[in-house]
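I've put the structures underneath this note.
One chain, subunit A, appears in both complexes that follow, with subunit B as partner in the first and subunit C in the second.
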Partner chain A sequence: MTKTGKQGVFFVALLLSVVLLAGNGYAGEGLMAADSASSAPWWMWPLLLLVVTFVMGVAAVLGGVGGGVLFVPIISGFFPFHLDFVRGAGLLVALAGALAAGPGLLKMNLASLRLAMPVALIASSFAIIGAMIGLALPTQIVQIALGVTILGICVLMLVAKKSVVPDVPKADNISSVLRIYGVYQEASTGEIIDWKIHRTWQGLVLFIAIGIMAGMFGLGAGWANVPVLNLLMGAPLKISVATSKFLLSITDTSAAWIYLNKGCVIPMMVVPSLIGIMAGSFVGVRLLKVAKPGLVRWIVIGMLGFAGLKALTKGLGF
Partner chain B sequence: MPLTRKVKDLLVPIKDYAIVNEDRPLSDAIMALRKVYCQVEIGKCTEAGHRNILVLDSQNKLVGILDFRTMLRVLIPEIAGGVTERLMALGVSAAFAEAGTEELDESLLSFRARVIKNADTKVKQVMLKIRGIIQAEDDLLKALTLMYGNRVTVLPVYKNKELIGVLRESDLFLAVADITTE
Partner chain C sequence: MTANHHKSLQASPEQVVYAKVLEKGMLLGLGLILLSFALYVLGIIKPYIPVDQISKYWGLSVDEYLHTTNIHAGWSWVGMLGYGDFLNFVGIAFLAGVTIVCFLVIVPVLWKNNDKLYAVLSVLEALILSVAASGILGSGGH
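Our next item is the complex of A and B:
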């Protein structure tokens, strides 16, 4: 294994040990005995969150998953925070990454506004509904649904294919009316790529479900956006990834307002989490430039699956 | 007394200055500036020329300016850019990596490919705004005050409403330096 690969494995192992420490040493006691958690100094939790989210940021970049997808199941599974606060923070974590990337992706002409806007209208409207549903349902039900969703994401990560430039024989009527098409230059080859989409209705209907899940679980939704935009609607992979990230900045903002309005966004949790995950992802990008993630990706998927199972068993009361 | 001279005595005529249209790609601006900066006719860049290029709109009105630093920030944002540009570049890289598509991230491409791609940026997207103009009949002290007050190194020179040239910081430096040699 390369030196950087070893560093990646080290970061993931560190993440695992810290969350397990938090889970065994504090979370368990915190959930069962409030005195134990409250006896810990106040600064311990922000500090622990900062460390865990930093490692999580590195793991997210090396593992090819969104920060929000890792954040919600791991923090809700192993820390003694109520799921509502974790989801509120998770949305802001996903939002921070999207806002950091959005301007650059637009400037590079990779995120397509014409593709993003109709999708964003639907996804963000239903993200608001999803957030309201998530906050209205009993926590255990949400926890079970979160566990199932996380396990589903793991399966999706293992089996989903990607198509760099899908074959779209003919744009459908709705995408033609909305003028959802574009051109971009592939920097590696200099090739000009003309793209258009099809199956727009089906895609928009799926974004109803994606919006609801994004708002309900606070996961971000890149894991679902990209396959729908790329494999179903036929947008090139590069455009799909960029538009998906830009889309998150709209969808997650809508849902985040609901959590904010309900008092589910605690600065003490959000600030260290944002700093940690952003710093971690930037370090991850540096690591990625010198080596392929390889084994780290499998470990991250395994870790995500473990967190999904933990969420499921927690919801089921085991 | 050198500073009793007027702006019109020191200006570089507009015909000698590099200009580019705002709708052209940055690569055109680079070529034009390179041509006036270097003695390309002898094949070597040995003599420093103008370090800025004026940006004109379709009516040939001055709308902006580009300098070396601005162009390098666009060509290699991850190195020459400010904190915002660097964070933006990292954000884009993280976006591709988190989608498991790091191979699509253009910052992982060769330096040469990235520079060529970035040189396609339109001039009007990256040009600097004009901060201050001066009239040909104004004196050099006014030009100095304006230049340092606005923190710029060149001032477009107008004769009434017509752009006739450019006054550079280097010309003003030589004018002030002349005092010490008198």
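Our next item is the complex of A and C:
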């Protein structure tokens, strides 16, 4: 393993250690948690949150996942915060990351505004509905559904293939009317890639479910956006990844407002998380340039599996 | 099809405008969040909930939290900006609002380029996000 690969593994191991440490300091849920947490100095949890989200930011970049999908299950599983506030913070964390990446991706013409807009219209509308459903359901039910979803994401990460430039023989009627196509230059080869998409209506239907899940669990939805844009609709992988990241800035905006208006935002949780995950992402990007993070990706899948099981067992009351 | 719709390696005019507004808004929003959090956590502006008391509340459900602390949901935070903790909502709301502005500023660009369908889509998206932001879809039981 390369030196940077070892550094990546070290960061992920550090994350596991810190969340387990947090788990030991946290004895329960709800009012019990409030009593437990109040015995510790007030600054301990925000500081721990800063450290965990920093490592999470590094691991997310190296593992090729968004920050939100790690944030919600890990923080809700191992910290004394109620799921309502974790989901609010998770959406804002995913939103800030997407807003930070969006301008560069749009300027480089890797994120496609024409591809994102019809998709965003569907996903953001249903993210509002998802957020309202998520806040109306009992916490235990949401926790169980979250656990199942996270375990599903693990399976998706294990089995989903990627296609660098999918074969799209003919653009379909909807994408032709909407003029969803483009060109980009592959930096590694200098090749000009001419792309178009197909199966647009099927993709739009799937974004109904993606929007609902993003809003319901506060996860962000890059894990679902990329396979749909790439494998189903036929957008090249780089366009799919970049457009997905940009798309989160719209989908998560609509859901974040619902959580904000419901009162699910505690600045002492949100701001350390934002700082931690963004700083971690900067470090992760620097490591990514030289690392081959295959092993880290496996560890991230393992962490998600662990966090998913924790969410499931917590929801089931074990 | 106008010349503007031909494939190009360069981003379209509306995409560039969107990116520029998004970049400025994002930087301003993050700056506001960092500044207000510093004022809050350093105790320069007194918070509504003392920092050493906040851990008593973050384990409660949002309904219990609002009820116990007598905080009202929705846009009521605007009336509490004199408190350090609520001052943080300015930057957070700014970040959550910048996308609405982005969609509105590209409408004239799209219209000028005779891309009326996407101009309508932009207005619709801005409307959807504004409805979510308005709080009319429910803002808690308080």
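Convention: the second predicted complex is superposed on the first by the 310 of 318 C-alpha atoms of A that agree within 3 Å, B and C clash if a C-alpha of one lies under 4 Å from a C-alpha of the other, contacts with A are read in each partner's own complex, and residues count from 1 in each chain.
Keep this in mind: contacts are C-beta pairs under 8 Å (C-beta built on N, C-alpha and C of every residue); 3 or more make two chains touch, one makes a residue touch a chain.
All values reported here derive from a predicted model rather than from experimental measurement.
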Room on subunit A for both subunit B and subunit C (clash or fit): fit
Vertex subunit A; arms to subunit B and subunit C (CA centroids, nearest 10 degrees): 60
Subunit B versus subunit C as contact partner of A:Q185, first or second or both or neither: both
Subunit A: partner with more touched residues, subunit B or subunit C: C
Partner chain(s) touched by A:K162 [first = subunit B, second = subunit C, both, neither]: first
First, second, both or neither for A:A100, with subunit B first and subunit C second: both
Nearest Cα pair across subunit B and subunit C, whole Å: 7
Footprint overlap on subunit A, comparing subunit B with subunit C: 100, 102-104, 107-108, 185
Residues of subunit A touching subunit B in the complex: 60-62, 64-67, 97-98, 100-105, 107-108, 157, 162, 164, 185, 187-188, 190, 222, 226, 237-238, 241-242, 244-245, 281-282, 284-285, 288-289, 293, 297
Parts of subunit B lying in touch with subunit A, wherever the complex brings them together: 87-102, 104, 106-109, 113-114, 116-117, 120, 125
Residues of subunit A defined as touching subunit C within the complex: 29-34, 37-38, 40-43, 45, 80-82, 84-85, 92, 95-96, 99-100, 102-104, 106-109, 112-114, 117-118, 120-121, 124-125, 128, 132, 135, 139, 177-179, 181-185, 192, 194, 249-250, 253-258, 260-271, 274-275
Contact footprint of subunit A on subunit C as seen in their complex: 1, 5, 7-12, 14-16, 18-20, 22-23, 25-26, 29-30, 33-34, 36-37, 40-41, 51-62, 65-66, 71, 73-75, 85, 88-89, 92-93, 95-96, 98-100, 117-118, 121-122, 124-125, 128-129, 131-133, 135, 137-140, 142
